[in-house]
Each structure stands twice: as structure tokens, then as C-alpha cells.
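Each structure below appears as C-alpha cells.
Look at the two complexes coming up: chain A is in both, with chain B in one and chain C in the other.
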Partner chain A sequence: MAENVLEVRNLHTYFFADNGTVPAVDGVDFELQKGHTLGIVGESGSGKSVTSLSIIGLLMGTTGRVTDGEIILDGEDITKYSEKQRRKLRGSKISMIFQEPMTSLNPVMKIGKQIREKILQHEKISKKEADEEVIKLLKMTGLPRVERMVNEYPFQLSGGQRQRVMIALALACKPEILIADEPTTALDVTIQAQILDLMNTLKEETGTSILFITHDLGVVAETCDDVVVMYCGRIVEKGTVFDIFKNTAHPYTEGLFNSIPKIGVRAEELDVIPGNVPNPKYMPKGCKFSDRCKYCFDRCLEEEPGFADLGNGHFSRCWKNFPGYTEQEAE
Partner chain B sequence: MARYGLKKLLEMLLTLFIVVTLVFFLVRMIPGDPARMIAGEQATLEDVENVRETLGLNKPVGEQYVSYITGLFHGDLGTSMRTKRPVTEELAVRYPNTVKLALVAISWSVIVGILLGVWSARHRSKWQDYVGMTVAVSGISLPNFWIGFMLIALFAVKLHWFPATGADSFRHLILPGFTLGTTIMSILARFTRSSMIEQLKEDYIRTGRSKGIGESAITWRHAFRNSMISVVTVVGMQFGFLLGGSVVTEAVFAYNGIGQLLVTSVAFRDYPCIQSLILIFSLHFVVINFIVDILYAVLNPEIQLS
Partner chain C sequence: MNNEKEQIKFSRFNDFLRKFKKQKTAIAALVVIIILVLIAIFSYKIAPYGINEFDYSSVLQGPSAAHWFGTDDFGRDLFSRILCGTRISLAVGICAVTIGALSGTVLGLIAGYYNGPAESVIMRLCDVLFAFPGIVLAIAVIAVLGAGIQNVVIAVAVFSMPTFCRLVRSSVLATKESVYVQAERSLGAKDSRILFRHILPAAFPNIIVQYTMSIGSSIMTAASLSFLGMGAQAPTPEWGLILSAGRDYMLNAIHLTFFPGLAIFITVLSFNLLGDGLRDALDPKLSE
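The block that comes next holds the complex of A and B.
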């Protein structure tokens, strides 16, 4: 049994706005194994980003709050921590790379200083030693002319270079967990591939576990060991990357795969999932996916299914995956 | 850099020349005749003609313009038509007075206004924010003459801490300096607050927090410097206005500055005085703009390096 670096248990993160409460994350369980990459997949509004922000503790400045559940890191539930304790974890044990490399660095601070600031925050070393560490980190990400770059500002770098700087920044202080929130979405395809390669290589070298947030199943196939598929704040399917791709169980996951254009197949129209993510205020009563599901039958409208255990850690939240489901029921 | 400086300097001189020329002709278009005002309501046409000749207003406008410009190059601002004394003499006491008062007002209002704005932004929608913005709105809404009178009533008349009027020592500057700065403090507090709130929403702030650095480092090291890029412009503008003197505050504190002089000069159609004052005002703005440009470059490396 592999060791879990992170366990998320029954996580609830709600947003409290004047016009109502939005359950962005509504009872999520998963575990991240040491040295593994766990993909969290879902469309916009599925709660995947909020899950990651809840784990690293970056909900401040929003109306969101973890209302229930546990986030267990090194055997301790960090949701019980004070803000000061959480801050100590941020950057040292949990780091994050964001979607927008163009705006994620401070425009008026030199690259080197932005990384050094983090190292000095967590490690008791001199500025000079920290500067050497910065150079080492930047070189690790394959950036050229690093010695000069530390004295440059973000606007002097390209998007791909900035994302490499963000990776160097995230890997400073050797975090156990790296959260990557759509790190390649804003980059063009060739740069995307380079960044993914880099992340895979660095994961091997540093042993860091990665939580990879994405909507792109192609990226999942290239990077992840395990996958969690989220819909409306809940996990609808989870399992190894092999099970998710080869033994797809949940209709939503199936829909995600079908909506990828297939090379060599000339279709008039892309097979998309009909409709939109439901408004949190008018959430379907039974299964949350029922109003968009092509297999939907009576029971789905009445009662939300639990997880059907498909073996080997593969779970699906769908009535048709339970034994005893018959085709008649679908009629 | 030297070439950039030279270019800027030439631009500044050109601006000033245009202003001087425009003002010279514009003041002469204001209805009203300085000769008539000096000679008095009852004076005969002949007397008025005589006065006009002494003032040099009987000469063609073009000739007057040439002699005015030539004078300027020799540091001669002309002679006040009202007091018959050189304008430089009129300004000798009043101008430094105004500068002193403006410096006092801008110093305290910049410090307090910016701190208040940062404080409000950092505690957005909490009681600190409401306190801060109440102070700021009061500073804008309460008229300066009222604040001035209240300060005199309390600190001069009742407590005798500061003199009520005059401009002789630093202690004389406190009450009018405070009065004059209230509006600017409020403007800066509100402007800094919105600028900080804007910055605190930026992605790089989230990156900063993900590094585990504290909120005060986030505020001061990251958001503050970025938000100051737009605040310096406002500070520059406000300082420019302050250096133009203040009619109301000078009147309330019987303070001998150029705000009063401007009003009197306009009332008397004292052309040389009006021209000189406006020349000084435009000089202020030109110089302040130059300084703001430099500060911009200091704060924003993207401008500095391009």
C-alpha cells in the first residue's frame, strides 16, 4: 500500500454571498499518493479549483470557507490549524502554480527577488545563499541565461518562460505537494508540451506529489497516475488513469471523452454534453447530472447515488454502475 | 538619459512660452480697463488717458508684448499697475509663504491620506474601512472655511496653542496647513483605497500568498508599490493646485499668500501681476509633471527600460 501524502475527507467549501450560499465543494474525498500525480478533472464550475484553493488555504479575500471535512497532511488535519500555521505550510509543504503566467508574477519586482522572498520566508539562510538557490532552481527548469534573468522583470519574459519561473518558484523549499491549476491552459501547444515534460521530469527528480487541476483529458493522459472527475462540487468518478480511460464508468466522464474531437473521424458535429452546469440554486433533486444524462431513468431523478465500487479503487457515482441495474430500468 | 532630459526641458520651455503668450493676450480681452480703475470712477477722460500713458497701455499691443517678453528674459516680471511696485517685490514675501504652506499641507495629507487608504483597503468592508472612509468623506464635504474657523475657535481662541493669523513662524503654518490639507488627504485616501483594492485582486497577490509570506508583506512589498504608480499622479496634481495658493484658507487665517494676490490682481485688472502669477502656476505644473514622469519610471520598470 502506497503512502498517502494528502488525504481529503468529506471536504465542504461553501461560498456565502448576499444572495445565497453556493456549495462549491460538497463532500469530496480523495487521497494523493507519494510521488504520484492526481488529476482533478471537470468543467468550469465543477469545484476543482476551489478544492485546490481549500487545500493550500488561499480562500482569503473570497467569501468562501471550508465548512466541514478534513484535509490531512502528514497525519494532521490542517483545517484545524490557525491562519499562522497554515501560512507556514504554504510554500514550504504545499506550493501552487497558477493558470495565468502573464499576471501571476509581481510586475515591479525582479524575478530573482520574487523567488528569494519565498526561500527567506521559510529557511534560515543568508540572502547570498538564497540567491544561489534561486539560480539553481531556475537552471533546473531549463531557462537560459539564468544569471541575467534574476535581475529582470516579468515583462521581459515570454509566457512560457514565466511559467517556468513559476515552477521554479513553486519548487523552492522542496514542497511535498505541488498544486498545478491548469498550468498549461494559457500557453500555446508547443510550449504546453514542454511545460508538461518539465513537470514530469521534475516530479521524478524531486519526488514531489502533484495535484493536477485540468479540464483537458489529453493532459491527464500525459501526466497523471490517478484521476478524480468532479461535477457540481462532487466527485462522480475516481480511479487510476487506466481505469478512467479504458473502463470509463460514469456517463459524465463518458461525455467528456466523447466531446474530444477524434483524429480521422469526420463528424458533422462534435458529440458534446447537452446543456450547462446547473445553477447551484436549481440543483436537480436526485443525481446532479440527471438533467444532462442520456441514460437518466426514474430513480436518478429521485435519489442521488452513492459510489459504486468497481474494484481496484475505481468508484463511480451512478445508479447504472450498481449491480442489479438492468436495461429495463432505463426504459 | 541625458538626451531624454534635454528633450523634456525643451518641451517644458515651449509649454511655458505658449502659456505666457496666450495669457498675455487673454488678460487684455477681459472686459474692464485698468487705467479707469486706477484713476477712479470720478476721473476725467484726460486723467484716465494720463494714467494709461504711465502704465504703457497706450502703446500697440504687439509692442507691449515684445517688451514684456524681453523683460522676462531679464527676470523682470513688470511693475504692478495697482501698487506701482515691481511684481517681483510683490511676490518676494507672498510666494515663499504660499510654498511653505503648500509643503506643510501636502506633507501631512500625503502621509495620512495614503496610510488611511491602505488601512481601509486592507480591512475592506470591516469597521476600519467604514471609519477610514467616514473620515475621508468628511474631509471632502466639510468646507475649508468652516474647518478653519473651528480650528481657530478651538486651538487659537480657547486653548491658545497656535496663533490664529499671520505667517511669521512655523507655528503659524499649523492651522492653515491642516485646513488646506484636509481635502487632499481625503482625495488621496479614497484614491489609494481603490487603487489598493484593485491591486489586491491581482493574480500576483495570490502568488505572494501561496509563498507563505505574511499579509503585511503582501500589502506593503507587493500591492503598495504597484498601487502607488497611479497615486503619484494625483499627488502631483494636488501639489500643483496647492502651490497656486488658496483664496479661502488664506482669507480665514489672514495669511499673506499668492491666492489673495491673484484675486486682488484680477479685480484691478493688474495685467503684469496676473501674467506673472499664471506664469508661476504653469511653471509649477510643468516641473511637477516632469517629477511625476521620473517617479513613474522609478516605480514602473517597464517604463524605465523602454
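The block that comes next holds the complex of A and C.
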């Protein structure tokens, strides 16, 4: 068992609005192992992005707050840190890549300067050494004509190139954890594959652990070692990527797989999960997924299930997965 | 290799120059402003007469070869007085707007970046200042501080400050939420760094344009205050004051009001036209 670089314990992040409190993340537990990639999967509004923002501590400026739980990094609970201590962690221990490579670089600052400033901020080296470091980093991400690129502005690069620059920027200070919030969503498929390859290679070279947030199960299969499936601020299933794909347990995960169009099968209509994510203010009483679940039975409407242990670290939050569940009960 | 050489390195300054060169009126305005600045510096050397050189034998004379702009009720040469007045008007305009721009920018940055009580206090203060017409506000400040050139500077600074404050705040609000600022934060940047490295530069084009335009209107306000007797005191050759003194002789010596008025008009117009041109050259959204 590899050591855990990051443990999230019972994390609750609530948003406080004038017209009520919204539990965006409601009791989430997971751990990220050293050198591993953990995928967080879920549809829009499932709380995956809020989880990542809670970890990196970028909730300020919103009405959101971590109300309970622990985020343990290197054995220390960072939710208890002051804002100043949190800021020191960002960049050096945890950094983040965003979804929009088009807008995540400062449009009026040269590429080289943006990365150099980041390095100088965390390391005490001369400008010249930093410039060499910049070239090295950019070359590492497989960018061409790096020496010229450092003097260019972001608008002169393509989306894929910019995302590579972002990756270089995020890795500039050798963080232990890289949070990638849908880093390939805005890119076209071939570039997407290249970026995923790059992230896999860099993970192996640098030993950085990656927290990969996505709604694309294809991307998960390609990059992740472990997977957490989130729904309505809760984890509904977690396990190794193999278990999730081969021994899918939770109906929601099953629904996600069914809604991927299959090559070679011309279906009249795509098999989707009916309905929408429920409004956090009007959550179903029992299982959060009950109103959209095709297996739903009486107990689901009354009582929310805990985790059913399916062995080998594979858990599912569904009554169906508990021993003793019978078909009759479903009727 | 050849192709590489042909690719001219993109530079923001060159891009700005290229666009600015196309603004013919703005360039003309810039030339006028440069001439005005030169006059302001060398006025006392090039003026044909002293500013307080009385000549009771030629009082209230119209323009002539000896006195280009004519003479006033004390026989002083109007041309020399207006030349020397350039220094006062430009100095007052530039000083006042600089003070107003600096304080307004700092307050705008604070108000835009840190929401909460600081923002409310600063923006309400600006709202209060905005509620008064500029000249009334300036008169109120003068009423408190007393007449005089220095107090005119302070008064004009006070009334140009809220414009900068609002401008910078709105720019900060827009930039603050952009993904690259979020990204910068996710990499551990301090607030001060985000403010001065990323947010302020984004607001800069707006500040420059507003700065140039404000100088024009500030010169006007300063002249108005002097005209009303609350700014420069006689015998200072301030344009507004000369204009005010010439008012009594408007029917028989029109040149006493015409020339100082023309000087104010040309100066204010030049700054406004330059500001216009700068805006067109600095705004990436305006196509060429």
C-alpha cells in the first residue's frame, strides 16, 4: 500500500446564500496515493469542482466555506491553517490546472515572464537561472520553438499550446499534488489525447500525484488509477479504475456508462439518466439518487444507504449492493 | 530562416504606436500640447514684455505689431501675460489630476479587490462627491481652505478623484474574476502581487485615457475658479483671472476676453482630442 499524500476526511463545504444554505459537498472521504491519479467523476453540480476548490483553498470570494471535515496533507490538517499558510502551500505543494486554457493565462504578459515570476516567487535563484528553468519546463511539456515562445503573448498560441504552458506553470515549483479541473474539456479530441499523454508522462517523471476532475469516463480510463464517483455532494461509488469499469456497482455509475455513445451501435436514442440533478434545497429524503434510479424501491425513499463494502477498497452507496438485498424487495 | 526574420517580434508598445500613428487629429493635438509645454517652460524667456510691466500710455489697445494680443487696462502686454499663464494652467491641471489619479487608483483598487466595509465606505464617499457638480464641489473646498493656487490644485484633485476611483474599481471587478487571476491564486500568489502585476496593468489603458481627458477639464475648472476670484489672485497672469478682468471692457476691448478664452479653449481641446486618440489606440476592441 503506497502512502497517501492527501486524505480528505468527511469534508463538508456549504454555500451560504440569502435564501438558504446549499450543501455543495456533503461528507466526502477519499485519499490520493503518492504517484497515483485519482479521478473525480460526476455530472455538473455534483460537487466535484467545489471539492477541488476546497482542497486548494480558493473558496474565498464566494459564499462557500468548509464547515466540517479534514484535509490532511503531509499529516497535517490544512483546513486549520491560516490564509497565509494556505497561500504558501499553493504552487509549492498543490497547484491547479483549469478548464479554460484560453483564459487562464494573463493576456498582457509574456509567456516566459509569467512562468519566471512563479519560479522566482517560490525559489531563491537569479533571474538568469530562472529563465533557464523556464526553457527546461516548457521543453518538458513538448512545446516546439520554446526559445522564441517565451517572448510571445498567450494570444499567439493555440489552445493546446496554452494548456501545455499552464501545465508547465503548474509544475514550475514541483508540487506534490496537481489538481486538474477538466483540463481537456475545451480542447479537441486529438489535442486532448496529447495532453493526457503528457500528463501521464510527467506524472511518472516527477512523481506528482494528480487529482483529475472530469465528467468524461473515457479520460478516466486513460489516466486514472482510482476513481471516485460523486453525486449531489456525496460519493456514491469509489474504487480502483478496474473495479469501477468492470464491476460497476452503483446505478448512477451504471447510468454514466450507458450514456456514452458506443461506436458501431446505431441506437435510435442515447440511453441517458432521466431527469436532472435535484435542487440542493429540495433533496430527496432517502437516497439522493432515488428519484432518477431505475432500481429504486421503498427503502431507498425512506433511508439513505451507507457504503456497501465490496472488497478491495471498492465501495458503493446503494441498498442494492448490501448483502441481503433481494429481488422481492425491489418489487 | 528567412521566414523567421520576416516575423517581426510582437511588442505591445509598437502595436500601440502603430495604431496611434493613424490618429491624425490626436497627433495634431499632441503637437499642440508639446508646444504648450515648451511655452510653459520658456515663457518668461520668450515673452516680449514683463508680465507686470505697466505702460499707461497705451491702455486697452487692440492687437498691433508691438502688442500682438493688445494691452489691458494697465497697459500690460496681453501676449506676454498669456504666454506666462500657460505655466500656471498646465501645472495646476497636471498636478491636480496626478494627485486625483493616484489617490483614486489606490482607493479604486482597494474598493474593487476587497469587498466588504472598505468598499462600501469608499464607494459611498465617491457617490457623495459625484452628487455635487464639479465646480460647486471645488468652490466648497476653496471655501474651506481659502483662495489660492495651491488650494485650487487640492480642490480640482478632490473632484477628479472619484472618477478614477470608479473607473479603476470597475476594471478590478472585471479582472478579479477572470480565470487567469484564479489560476495565479491557485499557484500561491499574494494579494499584492495579483493587484499590481495582473489587475492594475489591465486597468492601465483606461487610466491613461481618463488622465489625459481629465487634465483638459481640470484646466477649465481651475480657470473657472480663478475667474470667480477663488483661485489665483491678481496680478498673477492666470488665464481665468485675465478673462475675468477683461469682462468689464468686453464692449470696447473684446481682445481682453477673446485671447485668454482662446488659450483655454485650445488647451482643453488638445487634451481631449489626445485622450480620444489614445483611447482608440489603446482599446483592443476597437477595430482598425
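Here is the rule we use: the second predicted complex is superposed on the first by the 331 of 331 C-alpha atoms of A that agree within 3 Å, B and C clash if a C-alpha of one lies under 4 Å from a C-alpha of the other, contacts with A are read in each partner's own complex, and residues count from 1 in each chain.
Rule of thumb we're sticking to: a residue touches a chain if its C-beta (ideal position, glycine included) is under 8 Å from a C-beta of that chain, and two chains touch if they have at least 3 such contacts.
These numbers were taken from a predicted model, which means no experiment stands behind them.
Asker: Mind checking the superposed model to see whether chain B and chain C fit together on chain A or clash?
Answerer: Because the two structures are overlaid on the shared chain, the partners are seen to clash.
Asker: A:Asp291 contacts which: chain B (first), chain C (second), both, neither?
Answerer: neither
Asker: Tell me which partner A:Asn151 touches in the superposition: chain B (first), chain C (second), both or neither.
Answerer: Touch partner of A:Asn151: chain C, not chain B.
Asker: Under the stated touch criterion, which partner chain does A:Glu304 make contact with: chain B (first), chain C (second), both, or neither?
Answerer: neither
Asker: Based on the superposed arrangement, let me know which partner A:Met166 touches: chain B (first), chain C (second), both, or neither?
Answerer: Both partners, chain B and chain C.
Asker: Please work out whether A:Arg90 is in contact with chain B alone, chain C alone, both, or neither, and reply first, second, both or neither.
Answerer: Both partners, chain B and chain C.
Asker: Of the two partner chains, chain B (first) and chain C (second), which one does A:Val108 touch, if any: first, second, both, or neither?
Answerer: both
Asker: Could you tell me which stretches of chain A are touched by chain B in one complex and by chain C in the other?
Answerer: Residues common to the chain A contacts of chain C and of chain B are 56, 58, 61, 87-92, 95-96, 98, 100, 103-109, 117-118, 121-122, 153, 156, 166, 169-170, listed in rising order.
Asker: Residues of chain C touching chain A in their complex?
Answerer: Interface residues on the chain C side: 9-10, 12, 176, 178-180, 182-190, 193, 197-198, 201-202.
Asker: What part of chain A is in contact with chain B in the complex they form?
Answerer: On the chain A side, the touching residues are 56, 58, 60-61, 87-92, 95-96, 98, 100, 103-109, 117-118, 121-122, 153, 155-156, 166, 169-170.
Asker: So in the complex, the part of chain A that touches chain C is made up of which residues?
Answerer: 56, 58, 61, 87-92, 95-96, 98, 100, 103-109, 117-118, 121-122, 151-153, 156, 166, 169-170, 172-173, 179
Asker: In their complex, what parts of chain B are in touch with chain A?
Answerer: Going by the criterion above, the answer is residues 200-214, 217, 221-222, 225-226, 229, 299-302, 305.
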